[in-house]
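Heads up, the next two complexes both have chain A, just with different partners, chain B and then chain C.
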Partner chain A sequence: MLGEFDLVEPTSVAEASEVLARHGDAARIYAGGTELILAMKEGLIRYDYLVNVKTIPGLAGVRVNDDGTLRIGGATSHRALERDPLVRERFPVIARMESDVANVRVREVGTLGGNLCFAEPHADPGTLLMLFDATVRIERKGGARTIPLEQLFVGPFETCLEPDEVLTEIVVPPLPVHSGSAYLKFGFLERPSVGVGVAVTTDDGRVREARIAVGCVGPVPRRMREAEAALAGQTAAESRNTLAEAGRIAARASDAITDLHGSADYKEHLVGVLLRRAFEQALASSDGSGAP
Partner chain B sequence: MNAITMTVTVNGEPRELTVPTHETLIECLRERLGLLGAKKSCDVQVCGACTVLLDDRPVSACTVLAFEARGKTVRTIEGLACGDELHPIQAAFVEHGALQCGFCTPGMIMATVALLGENPSPSVDEVKHYMRGNVCRCTGYKRILDAILDASRRMAAAPAPA
Partner chain C sequence: MIIGTAAERLDAREKVTGAARYVSDLVVPEMLHAKVWRAPVPHARLLGVDGSRAARSPGVVAVCTATDLPVKRLHYGPAFKDQPILAHEIIRYAGEPVVAVVADTERHAAAALALIDVSYRELPAVTSAAEALAQGAPVLHPALDRSGHFRDLSGLRPVAGTNVCQHYHYDRGDVARAFAEADLTVEDVYHYPALSHHALEAHCAVARVDGDGLTVWTGTQHPFPVRKELAEVFDLPLAAVQVIVPLIGGAFGGKCYTKIEPLAAALAARVRRSALTITRHAVTVRLRTAVRSDGTLLARECDVVLDTGAYADIGPRVATKAGYRAPGPYRIPCLSIDARCVYTNNVPAGAYRGYGVPQVTWASESQMDQIAERLGLDPLAFREKNLLKRGEEYVAGDTPMDGDMADALAQTGAAIDWGRARERGRGVGLACAMKDGGGTHTVSTAAVRVNADGSVTLLTGSVEMGQGSRTALAQIAAETLGVPLSAIVVESPDTSITPYDHGTSASRSTTVMGLAVEAAARDARGQLLELAAKFFGTEPEKLAIHDGVVACGERTMTVGDVVSGHFGLVGGEVTGLGTFVPGTWSGSLGGATLFWEVGMGAAEVQVDADTGEISVEKYVSVADVGQAINARECAAQDEGAAMQAIGPALFESRVSEAGHLVNPGLIDYRVPTFADLPRELETVLIENRDGPGPFGSKGVGEGGTFCPAPAIANAVARATGVRIKDLPMTPERVWRALRDARGTRRG
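Right after this comes the complex of A and B.
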């Protein structure tokens, strides 16, 4: 049973920030509510005030800049991203990932900004978006900052947002030309148990750059830079021989936790398996079309 | 504010309602409006038994707050049949025996209304993907899949009542 709360419906980010500052821990941003309302119904958390950011004009929507950068409003739903023609054309790996988040009802209501800010470790979007070196714009009354998405996540259900800050936009630069990417996940519960994203940029038959992100298995999604370095500069053939080692490096670095989804050993094994498969898919799609 | 007064169109009928902000849509439909078709089952948006349409989009009424229906249309299983004449999706479910205990059926059918609304001729895989979030513990899904594909063919042949 959901407890009572006061609903506040600001018409600007500054107003939302002011309300959040005034009420501190007693207030929380409410967007899609797909995670927040569940936790509140369970009685795990309670707030006296929910601040409905969906009433703020311009906070939902997708556009692509002239330089190909994708800009996603924080209150954009998963379903909008899944179906957006520009996202499907320019960032198909993002549209595919979004089409596989939870179920269609959750995707209709749940927002990307909400997903990232709730910071539930068993989630897909943060892991994949890190491959693109995505940044997030964070606003408060009288100021704004932009930080790498990687820095947003502090721990399970914990971000670096100050109480009066609102994540307003997710900025996703395109991958370099001759890049391919893939996101693979595995799980047998409602939420994914392991998620691995790989982006590969090729140059004359060589892996110029490999980007690897691992999510769900540890407290926060992470880029695996040591594993990336192991693959950089290799020929396609060499890189395949290095994949097992890269998988071991990424697995060790992923801080896998034993929980309902499986043992740490099991998850580390799956990181290696999914990394290999995602790398092969990414490599195969790095055909120079520039649309991973 | 802790209550919202709103106009909402429920199964074609405009209603003026005042709902507490913490009231869920399923509470509003079942307890306030007496529409008992949508079921509260898992209560965590996993099973789909509470699926209703908000502006033609499927949502979990168990978790969507009632005030979110403000200014929108809500469709539930009660709004589908035209008098005694079943909606083609309902007819297909009956004819294919796509239900046993019937608990999931209102949600299953409303999800199908949404699916066929946006994709009138889905492939088998598209149906499976879309319906993944609607759980049936009786039928084994084969008959449900058959019913949905048949409904899609029927509705293409004879445009359905809106």
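Right after this comes the complex of A and C.
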């Protein structure tokens, strides 16, 4: 059963950072708790203080800059993203991915920042957002820094956040014009076994750029730049022939592990299958409208 | 008519609104809470327990080990008294209760668990039935003490000096000769994984000891057997033990017989705890079948091995029943069956909806399709040729087949559009099965109390665990008495108040308790008519009761007026009693089968060759219910059973490594959800009014679990040519089989 802890509800990020700094390992950010509380109930981890960042004014919310960049507050719930009109219009692939995260109860209380910072490998958002070269803003009392999302993940359940840092914002630049994107996942347990995101930018019938991200199979989600390079510059017809090779490259690079979700070789195979399917979908939606 | 209608469930409103109360909602004055320290290893010798720090922890009242418990008998169990209330000297599975902490709050009890210091020396663990049967395996229970609670268990045959706690054997005919003369022999090994029941409500019991004896509130399916067990543990007369069962939040067999009640009771007084304690047996079936080229079954050899875990629980009976049912619902002249129930250092396995049938049907119905394919026969026609006909004996001396299985099979085929050709990657498959339903030699008693206002109190020991027994039994009582359904209130089982009942299992309540209720209602009705006849100045035979009104031609009187009129307006009641006692004593199970619960199923699947994913496009479940007392509840039971069985067909299993469960919790151990519903799910109820229960009914509720796995596997085989013999059919397993098949074809 859930052990006892104090719930701290700061009113600013600086205050949250201060509380976290004061209690060190005894404190942890609560940003929805859909993973954290499960682990605490199981007795796997224990904290004396949970610091609720969901009640900090201004930390939840979605806006789009004039240049089309999507800015998501760290405490924005999956459900809010799934239903947000701007996200659905400008970043439909993100809205779709969010609408398929876990179940509606998790989506209602779980937040995007919480999801990224818990760094559970079998998760969807990190993989997809990498396609957009998303960055995250990280704040602490008296300072802030912005890093590429790719650098956030260090290992399973491990990020580069310092104990007193709070992820406050996820910044998602739009894809170039003539881009299409897709995110596909596959699994048979509650969490996905494999997640693959693909974004394709076309230019006069050629693949100007392909972006590929793979998650769930290995310790952290990551971009597959070698596989991306294999597809860049090809005609649509050529790229289809190259997909199998790109899939093999991505599979090798994914650091697949054998666990309850499947054997490593099966997951590597699935990376290739999902890459091919996601690429076809992304290519089909790169119709020049610019909306991925 | 109240029978056969889709009457609304009596408990629907209170459950939907959350007003329904379960054991864990119960608060007893001065109640304390208990938590259990569980063994971290599967097999070890206990060296010592230091509970002194825990005892000083805030709120802690007591820290108890096996030797601290104030009991006459430490061990309990429905087949053998092999299970200690708390582990004594030996730990036999990871998760076994070893020390109990009693405290003022659940939180204090849980906090104190961390302060308990247990020293032990690990022993080599037996982690599978195959290891347990191997030469030189550690013998986990060198001596076994029979419980003697159930007549059919008096004939158990444990094998001395081994881990086999029951070896069931049956044979008939000249099996060797049949195989020698067969045109085709098919032999395969099939595996069915261990499962958890995952009822929504966890195990929970509250116990109170006072001058009158012991009272236990618990969510058990077997209030009266629990009473007997507790009476033996504490050496009390049956009358001094009171077992009360409120609503249960799902059970599926996981709450059969005695579970945590002795511990709750032994922790002196007013104690409460919850735990997950039982599983479905992992089963390996080796099946060999001899058949003539025209599709006539000649012989079957079945070797069934069940991993029953550290304690027998009801495993020996599951083994016996699994063996008895292994050949399938067919006419097979020669049989040789062995079913062995084997101790291991896994979590004890026990009753689970279907009692061995889903496991053996997985094997036998898979192989039926393999045989049909080898012989070039249509799987439906091949089955029809061999199915038992009405009146044919399954086993000499047991009740002959009481249903029309050919009709059920035809309806199964029609519902799935069997003859239609499917596109590539799609296939249909079917399966049929039956079990001896209603339990073996079981007794039920019911009381009907007609109150002075015409309302009716129905007293039965049947447990409402979600299956709708209260509603069905109330419908039977209302119909028989001639009162509206709304006049009936069904009381919860209380061994000190409600009359004796064997238990709520084996699809028996509607049939067996139903007959007792019908008899009790008839008894009360007879008394009412006698009384009314005096008022009308006529003979009882000239009267009729309908909708709570007694009519004598044009003249009428309400039932309430009859009762209150008789007693002179001061109250009083008319009490009817009914008992069902099985009449015959034959058959190899120690009693004749009351009815055959026939379940059939057909699946249409689509297989994604790239991922190996099976998508169930349609599933048809067919249940022979004789006569539906409540058609909506019958269909709901059958749908729920089919959905539950789709779990182990596609993804559900307990995964253990070296005796440790590696997928605890519902994130990694997945049970079916709404997202797993087949695109179409259809239930067909067969109603030929040929059951022994009230109005021609038969039991329902387990049959839907028999066929999904083999029907889906058969559909996958017909879609892809690939035969899966191990469950669950995960995408990876199917993908590997497809890949291997492609490799073989190329090679």
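As a convention for this text, the second predicted complex is superposed on the first by the 292 of 292 C-alpha atoms of A that agree within 3 Å, B and C clash if a C-alpha of one lies under 4 Å from a C-alpha of the other, contacts with A are read in each partner's own complex, and residues count from 1 in each chain.
The definition used in the following text is that a contact is a pair of C-beta atoms (placed from the backbone, for glycine too) under 8 Å apart; a residue touches a chain by one contact, two chains touch by 3 or more.
Values in this document were obtained by computation on a predicted structure and should not be read as measured data.
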Which of chain B and chain C A:Phe188 touches, first, second, both or neither: second
If touched residues of chain A are counted for chain B and for chain C, the larger one: B
First (chain B), second (chain C), both or neither touched by A:His269: second
Contacts of A:Gly3 with chain B and chain C, given as first, second, both or neither: both
Touched partner set for A:Leu38, first chain B, second chain C, both or neither: both
First, second, both or neither for A:Val104, with chain B first and chain C second: first
Touching partner for A:Leu260 - first (chain B), second (chain C), both, neither: second
Chain B and chain C contact sites that coincide on chain A, given as residue numbers: 3-4, 38, 190
Residue numbers on chain B that touch chain A, as the complex places them: 1-2, 4, 20-24, 43-46, 48, 51, 57-60, 63-65, 67, 111, 114, 129-130, 132-134
Contact footprint of chain B on chain A as seen in their complex: 2-8, 33-34, 37-38, 41, 50, 79, 99, 102-106, 108-109, 190
Footprint of chain A on chain C - complex, ascending: 106-107, 110-111, 610-611, 613, 650-651, 655, 662-663, 665-668, 670, 730-732, 735-736
Chain C-touching residues of chain A, taken from the complex the two chains share: 1, 3-4, 38, 42, 186, 188-191, 260, 262-263, 266, 269-270, 273
